[in-house]
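In structure tokens below, several structures.
Next come two complexes built around chain A: one with chain B, the other with chain C.
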Partner chain A sequence: MIHDRVGWLALPAVGYLGLAYAFPLLWLLSRSVLGPDGFSLAQFTGFLADPYSWRVIGNTLRVAVWVTLLCLLVGFPTAVALARARGAAQALLLVAVILPLSVGVVVKAFAWQIVLRRDGVLAQGLVALGLADEAPRLLFTETGLVLGAANVFLPFMVLPIYSLLRLVDPRLSEAGATLGATPSYRFRRILLPLTMPGIVSGAAFVFSLSVSMFVIPSLLMGDRFQTLATLTGRSFLLMRNEALGSTTAVVLLVLCVAIVVGSAWLAQRIGRPGAAAEGRAPRPASRA
Partner chain B sequence: MAAFLDIRGAAKSFGGTAVLGGVDLAVAKGEFVSLLGPSGCGKTTLLRIVAGLLRADAGTVRLDGEALAAKPPHRRDVGVVFQNYALFPHLTVGDNVAFGLHARGVARAEARRVAARFLALVQMADFAPRPVQALSGGQQQRVAVARALAVGPKLLLLDEPFSALDRKLREMMQIELRRLLRELGTTAVFVTHNQDEALVMSDRIAVMNMGAIEQVSDPDTLYRRPATAFALAFVGLSTRLDGVVTHDAGGDVTVQTAFGPLRGPGRFMPGSQVTVGIRPERIVFGRPRAGDNAIRARLRDLVFQGSRIQAHFTSTEHEPVVVESISGVPAGAEPGAELDLSWPAADTLVLPRQGSA
Partner chain C sequence: MTATERAATALMWCVAGLAVLFLLAPLVVAMAVSFGSSAVFTLPPPGWSLRWYERLAVTRGLWPSLWTSVQIAGLSTAISLVLGTLCAIALVRGRFSGRGAIATFLVSPLMLPGLVVGIAMLQGFKLAGLREAWPSLLAAHVVITMPYVVRTVLAALTLFDFSLLDAARTLGCSYPAALRRVLVPSLAPAFITSGMFAFLASMDNYPVSIFFTDAWTRTLPIQMLQYVEERPDPTVAAISTGLIVLAALAMLVGDRLVGLRRLAEF
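Here is the complex of A and B:
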């Protein structure tokens, strides 16, 4: 059974993940459900009953949604440009997308602090362009946080979309044109559906990274603004409240798993040609 | 009266290299015209200019009296069947064919009805709900044709649509497609490097070479009376001998070749460099009758081809003298034997030598 023997190749990874990841995770999970009187969900009911917790969950999701949307808005055209470019131009674009990944996130967050300051280039630029009467406050605002985080996570949106776009035959769009489809119709009915799996996985990457980011909100927002990730960090590092920290960590974990599983399901469903058409048989589906 | 499709002076260069050098072509309504030429002759470039997928550097294209230059491809009413078919992989067969109708805002029920009708025309009626990846090459080609025709284009362009199919299927599809287009009265321009395809399908053939059209004529005339040495060499088999005109007797020239003097119709100044061409089925074994051209040549190979036999004779040119016979070869015709060959002078083609014009 060749198949089974090949399976053993996964052993190092399984062993490593088991020791370095699953075990601590189980320990963490156990801290959230094991009180002084044994098993108890009191931590969760207590946490979820507190309106402050819901503000934190709201902060986490709202910022992640905005970051994901901004990344998609900037990332999709970037991916198209990257896929259409040839030769040196493409290499240069690719380096421009990938190279920032090698700069530590702390460095980038500090750089954004400088950019977002009232006397920073962004605020001053808006004034110079006449888009703002006076330098707007950006640092320690959600807008600033979204801008900074989107910058850091952008490559995770661009690369999956780019890798799919590269596989799309440019003749498909030409074929659409000769059939009478306008550029916007071609975009909606050809390019978008064909790259949707890339968009879904890019969005899943950015969203998961955004809900769990710790350094960026700490540096760009400070303590007044808490997300699940920063609250977890604070609970363990500052408040020494392991019960609260493990509870918020588990809530965050459940969110992340839901995103990963949900997007994988979505990508598979969209990626299958004709799949959606079978589901609603009487109508000739215009897109699958 | 102006032609239905009227191309004048179409020119295109890529990076300083002229790919198309001012081409004129007129196609009548309902006509099937092939652009025939080797790869790189500019035929696909011309097709893409007509479709609006490429902007010409110079020249005009008019379709049904309207200038096309300013129109984007989606407003031209010009359908294209691509070489790789370019079917939409995320759509079913039925939705591929209905795509153009949906894009034009045709109601869903109507679009489905029309798509079904065109799928039936290409014998793919039962395939509408299937994904296109599940189709064979021939089936994909049928779907691509149905998709292009379903929107009722004024003009259909076909870019080497048979090149990915095996020979048997290709021959069947050629005849099928030709019949379908004739029934629908579709005007079509067909790009191919395959002379057999062009001869089988076309009302007229435009032979292209190095960015120019060398000859436009019906298949029969193209085969029997090629206008240039290139057209002679590119379409069908032929024996070609280089020679120099020694005498012009008013429409009947004598050419000195490696096989001696040969006569044929034509008007050339004595001293002109020419190519003498003979079709293989015109040559017969044996001594000439009065007025025939005759040569004596050494047999090199016999190639059995089922319904006919091909005899290759050693020549001083780089290509052999080729004879095709349906009645077999004379006794004693074995490789190495010297045989008499002859053909009517009237069937001799005397053309300006390529590159000496």
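Here is the complex of A and C:
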């Protein structure tokens, strides 16, 4: 009896987000497919017929793929180290992951502008180490953008993997060793499967953040390089071209929804065979 | 331990060490530049000075935008904490269908591109006749902060044993007193963690806020990006240093209250 009434407590939050968030999004979507005479995909066919649009989409996806790969390459070992570290090392790693998360993206993008300058620490460091003959140009290049974005999004790769690793019983690996499994076999058959849902959700998170980033490319790339997100922002804020902006906004939205839905499906499929063990986190909400 | 295993472990620690440097680099750079005497960003700076901090007092638009940000972040976090907690209770205790879908819906603003959400809300608010910057900002930021609250409080409530409330009532507590003395304390870490991240997310938001600002009402990130684009000098680094120190303090408090490892479950 009381269980039925308690459900009404959800109403204020759901009602508010329905009105202020879901309705506007659906409105945006519906207007993008409604022409003067009914349903029409003319906006999108027009957009996709333009080769420039494909360059923009290409830029968006290429950068996002590189950022995700870099984050995965650095993030996975870091998450494992974080799970194994104790004492001061663990505290340092935790601070390094959480503190940047609490500092705004404008601050970090601004700092990367300084780091990536030709007379900045990175370029000069490469020369000092003998890795480059002369200071390379990094600011306003895709390399610089990928570095900066990976820096901002790395915690979103480390944390989901770490939260699963914490639940993995270290004795599983020891048991494997006792039974004669080689280190690489134990990695492939124990550690990797148990953390795979975390890897998938971390990668999906980083990928969709990279696809939608706006401030970082604005500061590190400038106007010549456009992604779906920067083009959307510019159409509304500078060019006052709402038709183009709405089209790119819907393309971006569809892309992100596809990533979220696809990764959730993938994480569930991967999670199921390993469900016997601790790989299934008891906190489903944290994996969102 | 075999040789391969030792090599793999060493490699792992190397990568983790580099990751620490990589992650902290932008923060250290912003702080170093802010204490430099030079107006160009040379590192290490030719000399040390506090001149950029002195400039903060006379930087036009800085303090009003900071105040706007703090107000919007504080209010929207408070509203989200109340609405989000009520909703989490309904989702955990209720027996109606579609609870999973509702949870996903309330967390979804976090996963969709902020810019698109901002544009949609801008058009939606216009349709509803809401045109003033300040209330629009607040209304939008409730949507931004809600996911953090729902996600964390829902997770904490799932682990809460509701029979404890019955036990408290058997022992003579009234229902409100049982809620206050049993439920609230056990949810406190979730409130602190989610409140902190919701507040910071609102303070830092750029892609949604940009659509709801006018000449008089600006949030701090909007104002800062304008400084960066108009006249990049270390004044922005000084503001950044202030924000980094605040974030560090928030972390310290969070560590004292709930522990760093718990914050990592953000």
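The rule we apply is simple: the second predicted complex is superposed on the first by the 252 of 288 C-alpha atoms of A that agree within 3 Å, B and C clash if a C-alpha of one lies under 4 Å from a C-alpha of the other, contacts with A are read in each partner's own complex, and residues count from 1 in each chain.
The rule we apply is simple: a contact is a pair of C-beta atoms (placed from the backbone, for glycine too) under 8 Å apart; a residue touches a chain by one contact, two chains touch by 3 or more.
Note that the structure is predicted; figures quoted are calculated from it, not measured.
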If you stack the two complexes on chain A, which partner ends up touching A:P77: first (chain B), second (chain C), both, or neither? second
In the superposed arrangement, does A:V97 touch chain B (first), chain C (second), both or neither? second
By the touch definition at the top of the document, which applies to A:A175: first (chain B), second (chain C), both, or neither? first
Using the touch definition from the top, say if A:V105 reaches chain B (first), chain C (second), both or neither. second
Give one of first, second, both or neither to describe whether A:T68 is in contact with chain B, with chain C, with both, or with none. neither
Mind working out whether A:P193 is in touch with chain B, chain C, both or neither, as first, second, both or neither? first
Who contacts more of chain A, chain B or chain C? C
Using the superposition on chain A described above, determine whether A:Q43 touches chain B (first), chain C (second), both, or neither. neither
Kindly list the residues of chain A that each of chain B and chain C touches, one partner per complex. 182-183, 283, 285-286, 288
The answer for chain C against chain A in the complex is residues 2, 4-5, 8, 11-13, 15-16, 18-20, 22-27, 29-30, 33, 41-43, 83-84, 86-87, 89-91, 93-96, 102-117, 119-121, 123-125, 127, 139-140, 142-143, 146-147, 150-152, 154-155, 158-159, 196-197, 200, 203-204, 206-207, 210-211, 220-221, 224-225, 228, 232, 236-237, 240, 243-244, 247-248, 250-251, 260-261, 263-266
For the complex, give me every residue of chain B touching chain A. 51-53, 72-80, 82, 84, 86-92, 94-95, 98-100, 102-104, 108, 111-112, 115, 129-133, 147-148, 151, 153
Within the complex, which stretch of chain A touches chain C? 3-4, 6-14, 16-17, 20-25, 27-28, 74-75, 77-78, 80-82, 85, 91-108, 110-115, 117, 119-121, 151, 154-155, 158-159, 162-163, 166, 182-184, 187, 205, 208, 211-212, 214-215, 218-219, 229, 232-233, 236-237, 245-246, 249-250, 252-253, 256-257, 260, 282-283, 285-286, 288
Residue numbers of chain A touching chain B in their complex, please. 169, 171-172, 174-183, 185, 189-190, 193-194, 273-274, 277-278, 283-288
